[in-house]
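Working notes, beginning with the structure itself.
Chain lettering (A, B, C and D) follows the sequence in which the chains are written, and residue indices restart at 1 in each chain.
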Amino acid sequence: MLRTQPQPLVRPTNTPLPRAVLKFLLNNGLLIALVIEIAIFATASPEIFLSTGNLFTVLRISATTGITVAFYTIALIAGQIDLSTAQVGAVTAVIFAWMFAILEWPLELSFVLAMAFAALLGLINSWLVIRVKIPSLIATLALGTLCYGLAISVIQSNSTTGLIRLNRPPLRDIINTEIVGIPATVILMFAVYTIIYILLNHTRLGAHLYALGGNPQAARLNGIQDKRLVRFALMFTAMSAGFTAIMIAGRGLSAGAATPVGGVLGGPLVAAIFSGVGLSGGSGRIERTLIGVIFLAVLTSGMSILNVSPFARSMIEGLAFVFAILIDSVRQRIETR
Amino acid sequence: MFIKRFMHLLFVSSMLLASAGVLAQDATTYTADEIKEASGVEQCSQLAELPKEFSEDWKLAFINPNKAQSFWGQVSVGMNAAAEFYGVEFVEMDSAGGPDVELFETLLLNQPDVVGTHNAVDYEAVAARALDENIPYIGFDNGQTEYSPYVYGIPNGIAGEAGAELLIEGVQARLDTDWKDRELFFLEFTHNGIPACVDRTGAAATAFKEHFELDDEHIIQLDLATGATEIEMMLSTLTAHPDAVFAMIPCWDGLGIAPYNAAVEAGREADIMLVTLGGDKPPADLLLTKPQGYYGYIEFQPYCEGWGWIESALAIAEGVRFAPYQARRAVTQADIEQRYAELYGAPSS
Amino acid sequence: MSNQQPILQLRGISKSFGFVQAVKNVNWEVYPGEVHALVGDNGAGKSTLIKMICGALLPDSGEILVKGANARIAEPVDAFRLGIAPVYQDLALVEGRDVVMNMFLGDELTHGPFNLFLDHKRMAIETQRVLDEIHSRIPNVREYVRRLSGGQRQAVAVGRALIRGGEVIIMDEPTAALGVEQTREVLNLIETLRSRGKTVIFISHNILQVLQVTNRISVMFHGEMVGTRKTSETNEDEIVGMIVGTKRDVLAAQE
Amino acid sequence: MANSDTLEYRNRRTDDAQRLLRLALDNWLYAATILLCIFFAFRAPNFLTVDNVINTLVSSSITGIVTAGFTIVLLTGTIDASTSGITALASVLCAVMFQQWGVPLPLTLLLLMVASILMGLVSSFLIIEGRIYSLIATLGSSGVFLGLSVGLAAGQQIAITKPELQNALFERPLGIPVSIWVLFLCYLLGYVMLNHTRLGAHIYATGSNYSAARLSGIPVKRVIRIALIIAATTTSLAAVLATARANLSLLYGVTIGGVNLADVFTAALLGGISLRGGVGKIERNLVAVLFLSILSNGLQLMGTAPAVWLVIKGLAFVGAVIIDAVRQRL
């Protein structure tokens, strides 16, 4: 009947049982799918798949895309689609690598300047959206093209291999740090999701983001500062893309123009499909995004462990995708009825 | 000249790699003929004389970058065939185009004795991880790093130079006849986001440029990373130089064949000469049809390269000397029938 | 009534869009506690006038006085602060959010350190209180707005106006798209608001409804305020005449 | 009296100025394309040669053909992101049927047409019956098509050595390559269909107001289905051209004569097609495709460094987007 809200007041208590079960299944369809998925892989390869080491592999893969996708969900909730994450990420990582590895500036300085640069790109995106009044999808696509060009220019003037190597000592150690045996990046990812969960559900900022995405006109008429929210969303998406790209480059010891931070069809759509936002904004739950990210990471790791044939692999990926969107579509249809 | 350098490199690296090796050889080792026979139509050459009884039950592990691509699909087939032949356990994973560095952690859980990945974007980090764990790492293709002493596969620079050598042969013949007194350009089809391509075609460009003493203006790099298609770039280049002739080397076969056909479509087939790198079945099929300007290819033989990786990994485990993979077999229109028959049997039509 | 101080007073308000003068030198008074209708044909300037009162548009000239004091209303927030709460024709509700979040849209209650966190509990209680006050029949304050009926939505929008401390509730064509039953609900709602001592500005096309619930009626014609009548002293014919402009010359002569 | 006269006069003059400005902004793409041509004619050697004109058109043909179908779908307010899946599957199907099974070329093309209809139906089923947002639904179907193509090709590229396909591509009726004929034919058919048939009127109506169109008796679902089938057909056609040119089946993960969704998106947006549907002209999109093609062609002829023209293209895109935003606000 209605979607679970994070707080428990005034909830209907008289829902009939079968309906409650259906509601539960649909609301938690993704979680159930994740459990089934884990069960299948665990049966097929118990000793490797179920080990702690692989658990961390799955979580590390999740963290790689998860942080950007989390901020992506925020932007989508506010009704903004950012198609420039891959290119913004690439150019940020390349500029970081240039400062850190070529100019040999200190790590902290290079990092802060690179992040400031990413923030600037986010600001340009939001300027195009707010001042020039271009839909975010188009504005970010345009800026993305420009960023890719910048990334290639910086690489080509500093390297002949298409990559800038990043093997100055402190970086790899910092990225591979473990805290009580858990990789720092994994802890960071969970921290990011927790903070965003609180932000979206328990702060005014979150309430305003949902309102802006749900009905921008209404939000404006009720005194919500829409411009500030758009700026916030796009700036943080750009910064998270930059951060993730630096992380990936640091772990891979080199930065290139193809640093994968969810291209046009990657991160944005994962966020859109799994969180349940759709692409028009106003709804969507961050915890679903997290489950979706982990679901995909388990799929990657499981199929790699089982050495699934490429044919089966692309079929399974395609079908899992279609299945996930079908479930979500049924859920939304039942909800709006 | 560069052949000499190559042989030198070959020798030095063999000696280095075999420093802990056992030089003795007895009847209990496999012979080159046995390997040739076991690898079927590919007839791979033996890289290491491995004993028929291993000192331990070795376990090898490899992350294939993308088995959906025909080259890597063949590498996988060759690896599995070799592992079966030698009777060792082989763990294979497929990162399907994604980064290897995370999956590598899971690969290590199998407690392999020797590991490897494609030397793609994040291989240095993978090699560094293997070094942390004290497991020998053999990167597949491309250079050397401070994290692993083992070099395996087609060194991209050498492959590019081999391609240039073949192309020089073809172009020289044309320059003596119908290309006499024509302005000659070298076209390098590459992708600046892929380090292997930069190395490969870059080396080819340098070798070609030195041989014909061309200036920089006559070396044109057509870079896929710009977002333009290779066809678009080819056609623009053709019109920019309406009277010139072009020698072309692409990073992989398809990247050269498409622009070649675009040039045919533009009516300039007589002005181009192509040598490709890779030499899988599709380019072999095309070379059989004898296109005017498709001189030949450098055959990488992915099946044998995969087979050889297993041999080299076992050699490291056993402490036996192994020779570098020899991937510089040039195939031209002159000998394509013979080579095709060896590999794939008689052509269908 | 005329000896009372107007709660809302407009003096010489004008507004042009390009070369079209939408509102021409309007003077208008609304008194506390009354239900005051604003009627006029399409394009007569009602919406433009209301938007200026609500802070969605800035007038070119003239001044707005609230409770006798000169007010500058540049943003919707300014209007709220002065006790002017509009209920827009499209209601400005976010369909994908529940009743509570819509009630407090843009003005959420917070608690905790630095008032950082939303006070979901208090907002729900307040929502329930206001809905009870206006006799609304919404079974569950956690219901999504998209699943409410037209009348229920109207109640949410009016409830929001009350929660934001609205003393002057401006209802823009609240019955335009509603059925018979729901229309009655809205008219009852207006009645309830009057009994709570609120001032209501009621914009409508429907003269019968206007005659039914209002105290006074003002008519706009071609951007001008052509006159105000006490509901008890006028009839349908006169108002319709004023709306279509046939009484205009007569009125001009009178003034 | 005189007063109001001057006012009216002034009005008319501002109106004229405004109309002129609007005219300029509405047609800025045409103007920019012409200016670009003039610039390159002076600065880029060999730009204004018959060969270069033909080559520029040939190199824009594949992106152009895909954009035509993509545009028609966008006009219905639907986004079709299945381009890469359709390209891969159509190319592999073409290679398998024509080369491996020995199906004659005309029959191959006919069967491909049937396959395109099926692919369009899969996407439209997900969108219409599954009620899934089109961009997401078509990404899903694209994944399935990719999987099928990988399976059909058994992980191998297929070389096409039978000469008929490529000979057909290399034909030059009236001295103009076949791919250019196909490109213009697609846009001509698209133009006539959109502007002079009921289907065209229905497509615009569906895109500009879905529910209004439905209520006025337009079979909106069928319109969307047909649009998706048209897009699948044009994309398959482009895939056949690309396959013929490469002599190889296109393969997942490998770009050959690549059909790039981002390029198609860029051209469509540059051509002024709204993502919400109902707004835009297909002929403008052809010009947009040519604009992009001329830009990279001219920059290459001028010998500009590749990294520089990437940045120039990016700046041109941002500029185009800003101009378009200004235009829409007037």
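In this section, contacts are C-beta pairs under 8 Å (C-beta built on N, C-alpha and C of every residue); 3 or more make two chains touch, one makes a residue touch a chain.
Bear in mind that the values here come from a model prediction, so they are computed numbers and not experimental data.
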item	value
Contact-graph distance - origin subunit A, target subunit C	1
Whole-Å gap separating subunit A and subunit D, where each centre is the average of the chain's CA atoms	30
Between subunit D and subunit C, distance of the C-alpha-averaged centres to the nearest whole Å	49
Centroid distance [mean C-alpha coordinates] between subunit D and subunit B, Å	37
Inter-centroid spacing, subunit C versus subunit B (mean Cα positions, whole Å)	77
Where subunit B touches two or more other chains at once, by residue number	66-68, 73, 192, 225-227
For subunit A, residues that touch 2 or more chains besides their own	145, 148, 152, 156, 310-311, 313-314
In subunit D, residues with contacts to at least two other chains	150, 155, 252, 262, 306-307, 310, 313
Chains grouped in pairs wherever the two touch, ordered by label	A-B, A-C, A-D, B-D
Subunit D partner contacts - residues on subunit A that touch it in the complex	128, 132-135, 137-139, 141-143, 145-150, 152-153, 156-157, 264-265, 269, 272-273, 278-280, 310-311, 313-319, 321-322, 325-326, 328-329, 333
Sites on subunit D touched by subunit A in the complex	81, 126, 130-133, 135-137, 139-148, 150-151, 154-155, 252, 261-262, 265-266, 269, 275, 305-308, 310-315, 317-318, 320-322, 324-326, 329
In the complex with subunit A, residue positions of subunit C that touch it	54, 56, 75-77, 80, 86, 88, 90-98, 101, 104-108, 110, 116-118, 120-121, 124, 128, 140-144, 146-147, 160
Interfacial residue positions of subunit D with respect to subunit B in the complex	45-46, 49, 51-52, 54-56, 58-60, 62, 150, 155-159, 161-163, 166, 169-170, 177, 179, 242, 244-248, 251-258, 260, 262-263, 293, 296-297, 300-301, 303, 306-307, 309-310, 313
Subunit A residues within the subunit B interface of the complex	48, 51, 53-54, 56-57, 60-61, 64, 145, 148, 152, 155-156, 160-163, 165, 167, 172, 248, 251-254, 256-258, 260, 300-301, 303-305, 307-311, 313-314
